[in-house]
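Each of the next two complexes has chain A plus one more chain, namely chain B in the first and chain C in the second.
For the complex of A and B:
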């Protein structure tokens, strides 16, 4: 339990990180450093995107699976690390 | 031959059961080989058999069943809470969350993916992974190892008439570059057959079979130019010295022609549009030694006249015939003319007296200057094409050109700079070759030399994008060529390098010139001194007979002197 907290704190302290969200397989945000409305928005949208991306990867090659997803936009980058039961979302503002 | 075995069954035996029995084989027919037939055949040796060693493949088509998919969106408000939990209830949700956090599986998973995530975060911080690195280097490498310069023929436009005339001048349409106006005439003095057509054509690039429009002048056109401001207007200079202008909207006949009395007395070799507010000013040049300025709205007489007399007296008899004109819109008061005698004369339009109009001359060519053009990037340097060489000059050096090509086997008949690359220019030769020169790459030889056709090539014009060029030949065939990308894309540092090269050559010439001047001064001073010494002795012994008598006298004097010396020596010997 403490390790998880520590890890999250470490990521949070990285330069440019704006927020971290941990979501479970059902789409419930377990832990978040952002406010509730943003958390809910991110959790819902990312969940769908993740399913779609995973679907694409497995469709092209069934032996393959999604390991990481990065969405870079003008203002920031959304990094999603998926797993079977949970996924971790980090929003970072990359240094130019 | 038919081999027949007859099998019969008695009627009374029909319907009876079959009794099978064994018996040995009976030979019914035995056909032996007939040796005599072999005579009709011979042994074939060797036999040609084609075989192919390849994988056997077959083609199959498969069509899977159509998979129907539909996109649906979910509006996620507060998702996935277990049934028994009320999402509004803060406490319950917090409790649930805490429970999940305590789960070991959760902790392991998070540790794992957090590690991955941290790596990516750090990566982002370290460097921008999405930026294009090595962009420039890639391009350089590509270009160097890339294609050889090449040019290929896209289209050939032939003179549709029976009697072929020379394509003496080409002009690209100012907008869009999809039309080419070609002037046809026969420049050989009095060699034009009586039924030669006078027409010149405007071709559409895509259609080489039939010209898009015909221009019907009174006398064949030697030069033709589109108005750069108004693409419907063309002006042409004709063989009999008149200038005419056409409006393509109004048809094939010229809208107006200059009056014969005031026109040139010789074929008009070049006509150029001037930069003016009205866009209707042109000037023309011809071998009769005159340069005339016209306003096309009033073709009855020229607005200005200049006689190219090097002695600056305006005497038409001394005038030099003009074969080419040069005008740069960035320097509207200056212009240059290339003469039949091989001199390039630089003139100032705004000079007050006709004498001052001629500013300076550049000599160095042996024959008429067929092409004269300033470098579009470095207007101080200009290219001349004449006799067997092409030369590059700098405006400041009047004694000689700063760079020149070697003397070729055939006459050079036309040339021009590339409008996109300052170091590239093209020349045409009398044997039908097109040479592309790149002075940054190689100065002794052309970078690319192409034989376009078998007859002499008389005129060339490059399109504004530098990619396409049209060249006209003596039999009226205009060829449209496309040159490779390497020759029409501006390289890095090209302008700087070319400008350096020109400066270097100019400096070299200046130094050489200074040295020559020094030597000449020394010679002169020396010859002046010696002349002073001899001044008293030699008085005008100009006539040949006097010289001969003088030579005889000197000869006999020497003979006498020698004889005397001999006699003295004999006497001396006798004494001893």
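For the complex of A and C:
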């Protein structure tokens, strides 16, 4: 319990990190440092994107699999680390 | 002696039978043969399906649940943390994307005038456009005609005209809706949720609400004239969120120093006064200057700005000493502009403390609500400036309408304080009184001129697309509060 909090704090102390969300395999957020409405928006959208990206990778080569996804936009960058049961979303503004 | 004699037969022919036959006519008609056909079908396979929405609330968030309900979370985090931390550090040091820009849409390089809307009757009588307003969907532009330079009581008939810019057959010379009004219109404001409802304030002090979706009498409700209403010209009307969600009350500010709140009663077609504030010289906290006139004098109100952040706060611009005042009720704070009457004031949609105001002193002042003196003053024009609005998309950009018929656009992100764009309204020197940005199509701007025309300008991408660090720069600007 405390370890989870500590891990989140460590990631958040990195330069430019704006928010962290942990989402379970169904796309429901279980832990977040952002407000509720943003969390729900990110979790739902990212879940869909993740499934699509994974599908693309495995379609091209069935032996391959997705390990990391980065989405860069004008204002910030969204980093997604996927896994079997959960995935981790970190939003960073690298130019801060 | 006697002989048999036979005489000819004498007879009269019957005439009635012939006459009957003569008057007879016969007609006949027949329908064409009706075509019929028969066919039979039968579904071979049948499939049944149904859907139902599910209550989403319980499903979307389980943030409150105990972490121990999630097995394997700790292991996952251990694995993910290293990878993510490595990427975060790499990203913050990387120069790979420096100066990298993507154009998703066609970049509009220049500012162009899309339409020049006029109402022939109003122009013939020399009426000026005193206010413009976009409706909530961004497709209809409405303008109020009146006079700004007339000092005397005026009973001149005026108009409120609307054009629907999304229609194919837009005729710039003929408005789609023309509403006749008994006195000049000083201000106009469309309802934030209902696209056909618009409120206007008149020179006589009346406030009216029209509903253009009605086929007959367009007036939805009006204030009428009484001791409680305005007696002086109403300079600004604005819709304020009411107690419940979706409900709006109407705020009107007029020359008599009154700021009144009305609720719309559609059934009675009346506007009911729900509360009001009267600005009185005694109540205004002065920032250094002594009060000049003894006794209670009502202050003229020339412009009102509602804060989009704090629903209780609004700014009121008053002329005599050129002071703007914030009200919660009553007056809480006052700002000095040191220059003369303030014509227009507008809160920044991106920062809760900032507002810009313009008046007769040819400067635009950027203020923060935290201090009385302005943060920044920019030279706008050589004469009066009548209107100022922040851009809805770029936090650092605002536009000002000048008395020389130009709209100057300023970008606070640039080092130079000269305007980044000057848009000439082609009114041969006549003033430009009002301007509004379109809330939905944010690259459109409507400008109302003294020659009775409304110009719709399409702004370039440079003026409408937000840069990466603008909000941060605005925050920095706002924090430069002098000690």
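Here is the rule we go by: the second predicted complex is superposed on the first by the 95 of 96 C-alpha atoms of A that agree within 3 Å, B and C clash if a C-alpha of one lies under 4 Å from a C-alpha of the other, contacts with A are read in each partner's own complex, and residues count from 1 in each chain.
Criterion: contacts are C-beta pairs under 8 Å (C-beta built on N, C-alpha and C of every residue); 3 or more make two chains touch, one makes a residue touch a chain.
This one's a predicted model, so the numbers in the text were calculated from it and none came from an experiment.
Student: Just checking: does A:39 make contact with chain B only, chain C only, both, or neither of them? Give me first, second, both or neither.
Tutor: Only chain C is touched by A:39; chain B is not.
Student: Figure out whether A:47 sits in contact with chain B (first) or chain C (second), or with both, or with neither.
Tutor: After superposition on chain A, A:47 lies in contact with chain B alone.
Student: Check the residue A:7 against both partner chains and state whether it touches chain B (first), chain C (second), both, or neither.
Tutor: It touches chain B and chain C both.
Student: Scan A:86 for contacts with chain B and chain C and give back first, second, both or neither.
Tutor: In the superposition, A:86 contacts both chain B and chain C.
Student: Once the structures are superposed on A, label A:64 by its partner contacts, choosing first (chain B), second (chain C), both or neither.
Tutor: neither
Student: For A:72, select first, second, both or neither according to whether it touches chain B, chain C, the two together, or no partner.
Tutor: both
Student: Touching chain B and also chain C: which chain A residues?
Tutor: 1, 3-4, 7, 10-11, 14-17, 22, 24, 28, 30-31, 40, 44, 67-68, 70, 72, 77, 79, 81, 83, 85-86, 88, 90, 92, 94-95
Student: Using the touch definition up top, name the residues of chain B that touch chain A in the complex.
Tutor: Counting only chain B, the residues touching chain A are 73-81, 96-97, 100-102, 105-107, 109-118, 120-122, 124-125, 128, 130.
Student: Over in the complex, which chain A residues touch chain C? Could you list them?
Tutor: Within the complex, chain A touches chain C at residues 1, 3-4, 7, 10-11, 14-17, 22, 24, 28-32, 36, 39-40, 44, 67-68, 70, 72, 74-75, 77, 79, 81, 83, 85-86, 88, 90, 92, 94-95.
Student: Considering the complex alone, what residue numbers of chain A touch chain B?
Tutor: Touch residues, chain A against chain B: 1, 3-4, 7-8, 10-11, 14-17, 22, 24, 26-28, 30-31, 40, 43-45, 47-48, 67-68, 70, 72, 77, 79, 81-88, 90, 92, 94-96.
Student: List the residues on chain C that touch chain A in their complex, please.
Tutor: 59-63, 65-68, 70, 72-74, 76-81, 83-85, 87-89, 91-92, 94, 97, 102, 468-469
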